[in-house]
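Below are structures written as structure tokens.
First subunit A sits with subunit B, and in the next complex the same chain sits with subunit C.
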Partner chain A sequence: MGTTEKAVVLDVRHLRTEFGPQDRPLVAVDDVSFQVGQGEILGLVGESGSGKSITLRSILGIIRPRGRVAGEILWNGQDLVPLDEARLRRIRGREIAMIFQEPMSSLNPLLTVGLQIQENLVAHTNLDAKARKARAIELLDLVGIPGARNRLDDFPHEFSGGMRQRVMIAIALASNPKLLLADEPTTALDVTIQDQILRLIQSLSRDLGMAVILVTHDMGVVAETCDRVAVMYGGRLCEVGTTTDVIADARHPYSLGLLRSIPRDVAPRTPLYSIPGAPPALNALPPGCAFSARCPVAGRECPDLRPTLEASGSSRLVACHHLQDAQAHFGPREAAQ
Partner chain B sequence: MTMPTSASTTPLLSLRALSIQFEKRRSLSDTLARRPQQVVSAVNGIDLDVMPGETLGIVGESGCGKSTLARLIAGLHRPTSGDILFEGESVVGLKGTRRRAYNRRVQMMFQDPYTSLNPRMTVRDTLREAITVHRMREGAAIDRRVDELLDLVRLPEGAADKFPHEFSGGQRQRIGIARALSLEPTCLVADELVSALDVSVQAQVVNLLIELQDELGLTVLFVAHDLRLVRHVSHRVAVIYLGAIVEIGRSEALFSKPMHPYSKGLLAAAPSLDPGARRRAPALSGELPSPLAIPPGCPFHVRCPHATERCHREKPALRPVGSGMTACHLAERIGDA
Partner chain C sequence: MTVLTQTHSRTRGRLAAFLARAFARPSFVIGIAILGLSLALALFPQLFAPYDPLAFDLHAIQQGPSLAHPFGTDNFGRDVLSRVIWAYRVDMQMAFFATIFALLIGLTAGAFVGYYGGIADVIFGRCVDAIITFPFLVLVIAIVAVLGPGLVNMYVAITAVNWVYYARLTRAEIMAQKANDYAAAGRVLGYSDRRIIFRHLLPNAISPILVYWMTDMALAILLGSSLGYLGLGAQPPAAEWGVLIAEGRNFLMTAWWMSLMPGIAIVLTGLGFSLVGDALADLLRPKGR
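Here is the complex of A and B:
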């Protein structure tokens, strides 16, 4: 399932987000381009500090005024970057909605969940009070909260973590968004509850034709949920492709290393593959490839010469100078599966 | 596979019907209305033997009591009933020097390296404190030991005189390991040792743990929610549900063929790396019931798809099923399904 078959709803081109002083900026997102098709689930994977959350926030315009966004964010053809707050607000929350990692800190603890859902309906629909209440019940029901009618008057603390995340999703869905931005929506949850929430997002995307960008650090979550995946490192994209392809046959040394460091099909208690070192700080990124300092196949040019994201086979983009060396270094294990 | 090095059959650590209950604070209105005292049963009658040199994985959802169990073993909580035997001797009522001796031999490592190290103490001071309090070394030998320990956990030479904030998460976790090892313990209790770390760094710390364990012949209790890691590290695994063991067995057997319906659900819910194995429905519905009101009969019956009338009435005991032990009336029937 590539973007070619589906109409592209979001087209991000050369996105660059920076913070701090103009003359010594901290570049959190650097020249990131990707597309999301209608009803497609795109996974954005990376470690902490890789810029995946900032990419999401840049799309919604919620990092301004402290952050500076450059490039183009085309939402159904309209560029969101130059829009002012008032015009952005008509899209934000209505056409594009977002859910966060910590539902407890994103919900207002002093308002009932019914009120918080209806707040969104007041802002984005023309429904009257009665219809709003009916819609709120319908939404809670849709996200699988048992006894939805009786829970409208409950406060967030009366829900469990998984149920709170469902409430967040219900609020996000209130305006029938065409794109859902999900920032690590299941990281704070148990695997069993994570599984329930991911299945819910998947079925909503399928049934409502809603596109989703799912930010996560867990390759397993991607494998279980996403159609395509974009791997980020140091604020840049290093590999983009369909989930099946990337997991079965990763090309970039970072994606290869990341997948290899997850224990699977290795003898118990044998040393796991580990990527040496730690993720780089934003103020210590080399001008060339961000991964070069930890890369097992980096050449002399890598720290200085930035690899561009180029097609490697069909429907795959990789940014690396040494693709063949990477394949040779990591061996054929991934391909054999 | 590396087996426990010692062939001895006497367990290093034995838990006998270990239970702990926490009383919920009563408000004045509760007292006036004579509402009964509410009690959280965090650990309910756990029987467990840990062999010298083995790694026992402990898994379960948050709130199941796995961390409380770890803290009970490390002596941070006092059990309400039951007993903990260390090399055949009860350690529950120990006082004075004998308590200190036990505390030295069983060391705990915590999840969050940011909060478990004193930010105002250099690494040398932290290690020195532990070594001096337990009189492990004297005089100049203390500093030699500090260098030796840092070398053991592969921290760079200058690390001793730095403060915790100067290290990355993975390095801080190594300091935690060095601190635990400074007392030359017999048993390590690792509570979510790597869950706060980035995926690419997790493997480094896990490799170090396995290596040190084999080198020093340590016994390790590995409490974690990442099932893939637990499978990789552990010789045996115990699955905990609402403070009781529902299944225990050799790691490979339990992961490849879980017998208890809860273990089955938990393992299926963990994201796999195979996009072909996607499910539409969640592996396990419902949530962990509150430990304030543990369901009668089998505590899992409210979420169990196989539950019969007997499960509502009668609490199943942990009994041998297949190669391990399972607490389920229907294990034989379900296990093969």
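Here is the complex of A and C:
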């Protein structure tokens, strides 16, 4: 698996999450393995329905409607998959925190921001009321909310979208988690705010030594923020590597296609590249490579024979039968960038 | 320092603003006035009633409305106004006790079922269907018939049927709230289910339920009077509007005031609850957030 110099805090092995009937299951996440090191930011990229959010939710055991999770999720050596709700609850929020895409609906509209931060402190720490308030102010300050002291008694609707996302992060950070799961935290925000929030996550990760898994569909976000990136398609991993490697020298045809679809350095009115077709439905996944139906270099064996995630180069994992063809097809253009 | 005190008074400022908006509505003002008067009559009938509601006056039988007896007298010479006033005590009690337990049971059951869903929800749904299949009044009368007439048994019977409506409403509201990210955020923060349900979901779900409760108190008065009329609720000689109407029904042609006056009291009180409920529905409705 991907090698990191830092100590591995989360080690996901052969994660499989499925829904529906036992005999004809819908497999949303299929044999996904990755590791996250301490203080590392891992990007999980893919389009809607590729299973990236489900992967995150599987880690915390909050799959709804009830799905079946198999495989191992080793959190500092402890497997989270077989844990019951009560024991998971002690890890959620305290060791692993999560923030969501919609800052508009992720906060309880009826409770003040201060109360919502302090609630987390009540649940996970032994601080007394005074210390909790001080900590709440400190947290709001940490996430860059101006005049933190005066905003404790404000309700969520008195904050803008970006500020609400900061509040969400403050709540998530309240009990010093070691891992932050961020589910498209910037998708609902406009571009300038996106940038601020990403920088905030980056600096928090650096300063607090907190690992982050950042789910996104935006390669730009990954390039800006993440140390390593894992590309998902149809519930499976296609390519895992350091961000610089993957952006500069993608190997999997899907990653190549994704990167080529980003507009850059082109004359006005040049049609953008897009990957033909649409992602397959969960009940129509081929037994082989999930991407084979849309892949420009797919061979005859691809829909039937599942490519395994194999090392390609020093710190790269790719799942494809036709690496050379892919390079040839997409040409040296991507490498040049 | 000034900033601190300012922020502390903001919550109170919100309540004041809410009340200001409420009292700007005529329907709320009228409704609250009616309910306030009703409550005062219910709590201190002896201060308002000119006569003893049970005292016979055989020299003044079935007298029409006059200065001495503004609502007239009944067939035993009892003052109808005094009886109507004393009846406030019983009927306002009915409005409260016939609904409060249904509200509490329904809230709890509906919240749990709506939050957890699954097999409990299916079983709950079937039970609700079974209870709702029976006409409300018929089922209540059947239960009272088994338990025996009287106020307490009437509360039991109404609660046994009525909680279903609160539970259904709560279940639907909780299911809608559950879909919001803040519910998922609560789980992710490691909060217990009970905390998520009662601290986060229910307060956000409760306003339509409170509005329904207001209307339901009006309905409870109607239902209680109906049962009183049928002899299954409050028992004569106790003063209760349904009982009073029943007492007057044989004299509708000669002493119409005996039934009409308690009837007006029912309408007026029901109107008070409805107006307040209506105003609350408007006031609590979330505006474009």
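Convention: the second predicted complex is superposed on the first by the 332 of 337 C-alpha atoms of A that agree within 3 Å, B and C clash if a C-alpha of one lies under 4 Å from a C-alpha of the other, contacts with A are read in each partner's own complex, and residues count from 1 in each chain.
Please note the rule applied: contacts are C-beta pairs under 8 Å (C-beta built on N, C-alpha and C of every residue); 3 or more make two chains touch, one makes a residue touch a chain.
For clarity, every value in this text was computed on a predicted model and none was experimentally measured.
K.L.:
Clash or fit: subunit B and subunit C on subunit A?
P.N.:
fit
K.L.:
Pick one for A:Met98: touches subunit B only (first), subunit C only (second), both, or neither.
P.N.:
Once the two structures are laid over each other on A, A:Met98 reaches subunit C alone.
K.L.:
Would you check which partner chain A:Ile275 touches, where first means subunit B only, second means subunit C only, and both and neither mean what they say?
P.N.:
first
K.L.:
Kindly classify A:Arg89 by the partners it touches after superposition: subunit B alone (first), subunit C alone (second), both, or neither?
P.N.:
Second partner only.
K.L.:
When the two structures are overlaid on chain A, which partner does A:Val221 contact: first (subunit B), second (subunit C), both, or neither?
P.N.:
The first partner, subunit B, only.
K.L.:
Contacts for A:Ile59 in the overlay, against subunit B (first) and subunit C (second): which applies, first, second, both or neither?
P.N.:
neither
K.L.:
I want to verify one number. Taking the Cα centroids, what angle sits at subunit A between subunit B and subunit C, in steps of 10 degrees?
P.N.:
80
K.L.:
On the A-aligned overlay, A:Ala123 touches which partner chain: subunit B = first, subunit C = second, or both, or neither?
P.N.:
Second partner only.
K.L.:
Determine, under the contact definition given at the top, whether A:Asp195 touches first (subunit B), second (subunit C), both, or neither.
P.N.:
So A:Asp195 only meets subunit B here.
K.L.:
Upon superposition of the two complexes, what minimum C-alpha distance (Å) separates subunit B from subunit C?
P.N.:
7
K.L.:
Can you list the residues on subunit C that touch subunit A in the complex?
P.N.:
Within the complex, subunit C contacts subunit A at residues 3, 7-8, 10-11, 180-182, 184-192, 195, 199-200, 203-204, 289.
K.L.:
Help me check something: in the complex, which residues belonging to subunit A touch subunit C?
P.N.:
Contact set of subunit A toward subunit C: 60, 62, 64, 88-94, 97-102, 105-112, 119-120, 123-124, 149-150, 152-153, 157, 168, 171-172, 181.
K.L.:
Touching subunit A in the complex: which residues of subunit B?
P.N.:
That would be residues 1-2, 55, 61-62, 168-171, 198-204, 206-207, 210-211, 225, 227-229, 231-234, 251-252, 265-266, 268-276, 278-285, 287-288 of subunit B.
K.L.:
Would you tell me which residues of subunit A are touching subunit B in their complex?
P.N.:
47-48, 160, 162-163, 190-196, 198-199, 202-203, 217-221, 223-224, 243-244, 247, 257-259, 261-264, 266-269, 271-276, 278-279
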